[in-house]
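Down below is the structure, laid out as structure tokens.
Labels A, B and C are assigned to the chains in the order they are written; within every chain, residues are numbered from 1.
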């Protein structure tokens, strides 16, 4: 592992990530991906340090990915289970975080159903003069930066396995399809993909894609286009990123039916004919087969990058914990 | 640890276990039992490897046993908690397993309420070209091979602590008593005990022991007898294996009452008079005291092998993970 | 770590702790607090040993503290989750404990809603001839000895960081305020604080402080005073220990309302004027802000020792596990 300069103490959002930060994450993750391909997939980097996974909103998938990343860096992990916790006893979220701070936690990975909770915890940690780093593992509909970074890593690694870097995405057309309005994954990806110089096209029914999303592309040089039908987004696309459709959207009267959604915005082999011949499809998981994407497409290793995304997740989260943890020395 | 030949990649059922495989497991477990008697009960065998416990049906006892076995082999463990999982978000079981595969899992320990799930996951792992080994930790009423093997180890170790081997059971009379119909434990034991040359006698009320169980003894040389009353099974028995009676059986009208069951099929000190003077009693746990077995008998260390079964469980599971993990090199 | 004499095999209550035992715990915890201030916060003391956290009553905070203490001693940990456990299948608590014993557990940390459960498990372990040590992590309203010891450590460390010892509390006035009747924390602290020679004053509404508590101070030389109003307890107090008020007390008609409780017994900046100018406030957590203590006071690092208590908790629990584990050699 080469030493890299890294000054970001918390990872809360990709909104202000710099090009150099993107490349540091990509290069560090590439080194760790190499570690993961060995039989003994561990490095002693964070030995004796404590990573607390405070998942106020339950998630097995993301929590397991962070837990594995921490263990492979030889950290000790603590998992916070909201159901059996002090929260039900009236404790505030900040007090819970301060308890884990006082126990000696070095890094906190936070997921919460409300936007801004990781930021609030990070602010409180700073106010207390602590050196604990806070990583946002998904806060409401706001951001999910490690997902945005692992998607970036997946795309750049595909284009140059040895030297993934954001510059590789310049001029690539990327369609993001689905429930953009409620998606923290989409919001984090919007920052990273437009910053990388990709041409980003959003496609969703009008109820799931408000006009205000155009503001993500307002900075100079960023290319963002909104579509309320699928075809213009898919045309000649290099990558199609599908998003999870939460079934709750039906009861909220934002969509007529899952079936109708699939007919209009579901990704199928037929529809991919519009794209670049080498098009690849991404999905952050868990997938509703036959809703966001047809089942056979999801299982086609020539087209689907879904399992690469999961693998990238561990490498990228190792990189983030490593960079945050090393900044503490 | 002597190197042994082992070619079984997944452990899904004992139906086709060979005599040599039984003995390899018994001998490997004997070595690990020796490790467990030391103050420092760890070996570095699976260092850096990841064992994922995917318990779709919750179980503290079996999950703890596998977790401890994995930790004592120095593996990292991941626990999947169905309640807080993507399953509630509509993900399929195979997709969950593929997610853990993509994260870098080396060995998967699977429990599910439906028969065949571990097999289906193993088939999918093979189809994807992965080297992940799958271990069935209980699938519906089908099989629970590690329980069958730990029971075999418990019996053979009693007969020859230094050199446990299946041949020691030849000619021994073993009664299996209780809810055989719904028991995956009974099914796995039927394979291993009849293969070992023991004379196996099943005893249960007719609603819990259908005639079709006779087919387990149909292979040449296998001795299996069915009884719908307790006495003929106990007569001169060397071992009595009791099974857990799930209280749900009452509401399904398969049994009149727990009390009546205990009167007819419960194992008591009086009834053991029928057996060989040195008879020992087994139970896979958790026990309903006073239903399957009388409370005083369960606590009598001269008769009950229950705590030895639990101890054997860790050693046998270490052996299975070791054999599967080493097969991967 | 200097070797110390320690003969207590289980830690179930502080009722019969000797002065020399208090000081051994304080000195051992002081050594571990030094370990915790290093970047690599681990020692190999309990490598290969197994600490089982059997929390029949759920608790994230205390369980995390014990888990972290065990991991920092390099032990392997097993967590028992009552919701998904054999208990729901009719197993007795002693049988659950015996299962963990048979798996090879070295130390058991027990929390249960009923008083006496840890003692019953310890007795059973002895009866079985096992060397497993049992630590009471809170049993009903009876005791919570590690909390009493961490509070003692917090106070003594404040008075002499280098050499915490119980003698430092002699003559100090300590007020314990709140729901004393239902508090295992109060009961453990009553033993340790009166034994240390502090002058202990209890203050609570009559429904939460029965006269029988006077018996804690009946031994020679112990100073204990009961008050049914706040002011006499606070007067010139060196330390104020507030207790958690469980909201269930309202529905049990023991208190009129939280607001009225706060008006009469809540600790505020104004009320602290009665105390010694350097008064410090403790609370075992989780805190109901604005009920037991005003929110601004809780956050004032010149007054509140709450976060020091949490930090002390890990050091003291490391000390206890170390002393119990070493006694096993």
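Convention: contacts are C-beta pairs under 8 Å (C-beta built on N, C-alpha and C of every residue); 3 or more make two chains touch, one makes a residue touch a chain.
Which chain is which protein? Per UniProt: A, B, C = Aspartate carbamoyltransferase.
For clarity, every value in this text was computed on a predicted model and none was experimentally measured.
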Mapping chain A onto chain B via their CA atoms needs a rotation, nearest 5 degrees, of 120
Validating interface symmetry: for the copies chain B and chain C, is the fraction of residue numbers used by both over half? Same or different. different
Could you tell me the distance, in whole angstrom, between the mean C-alpha positions of chain B and chain C? 41
Residues of chain B whose C-beta touches two or more other chains: 83
Spell out the part of chain C that touches chain A in their complex, as residue ranges. 36, 38-42, 58-61, 64-65, 67-68, 71-72, 83, 244, 246-247, 285-289, 306-311, 313-314
Given the complex with chain A, which residues does chain B contribute to the contact? 47-50, 76, 78, 80-81, 83-86, 89-92, 95-96, 98-104, 329
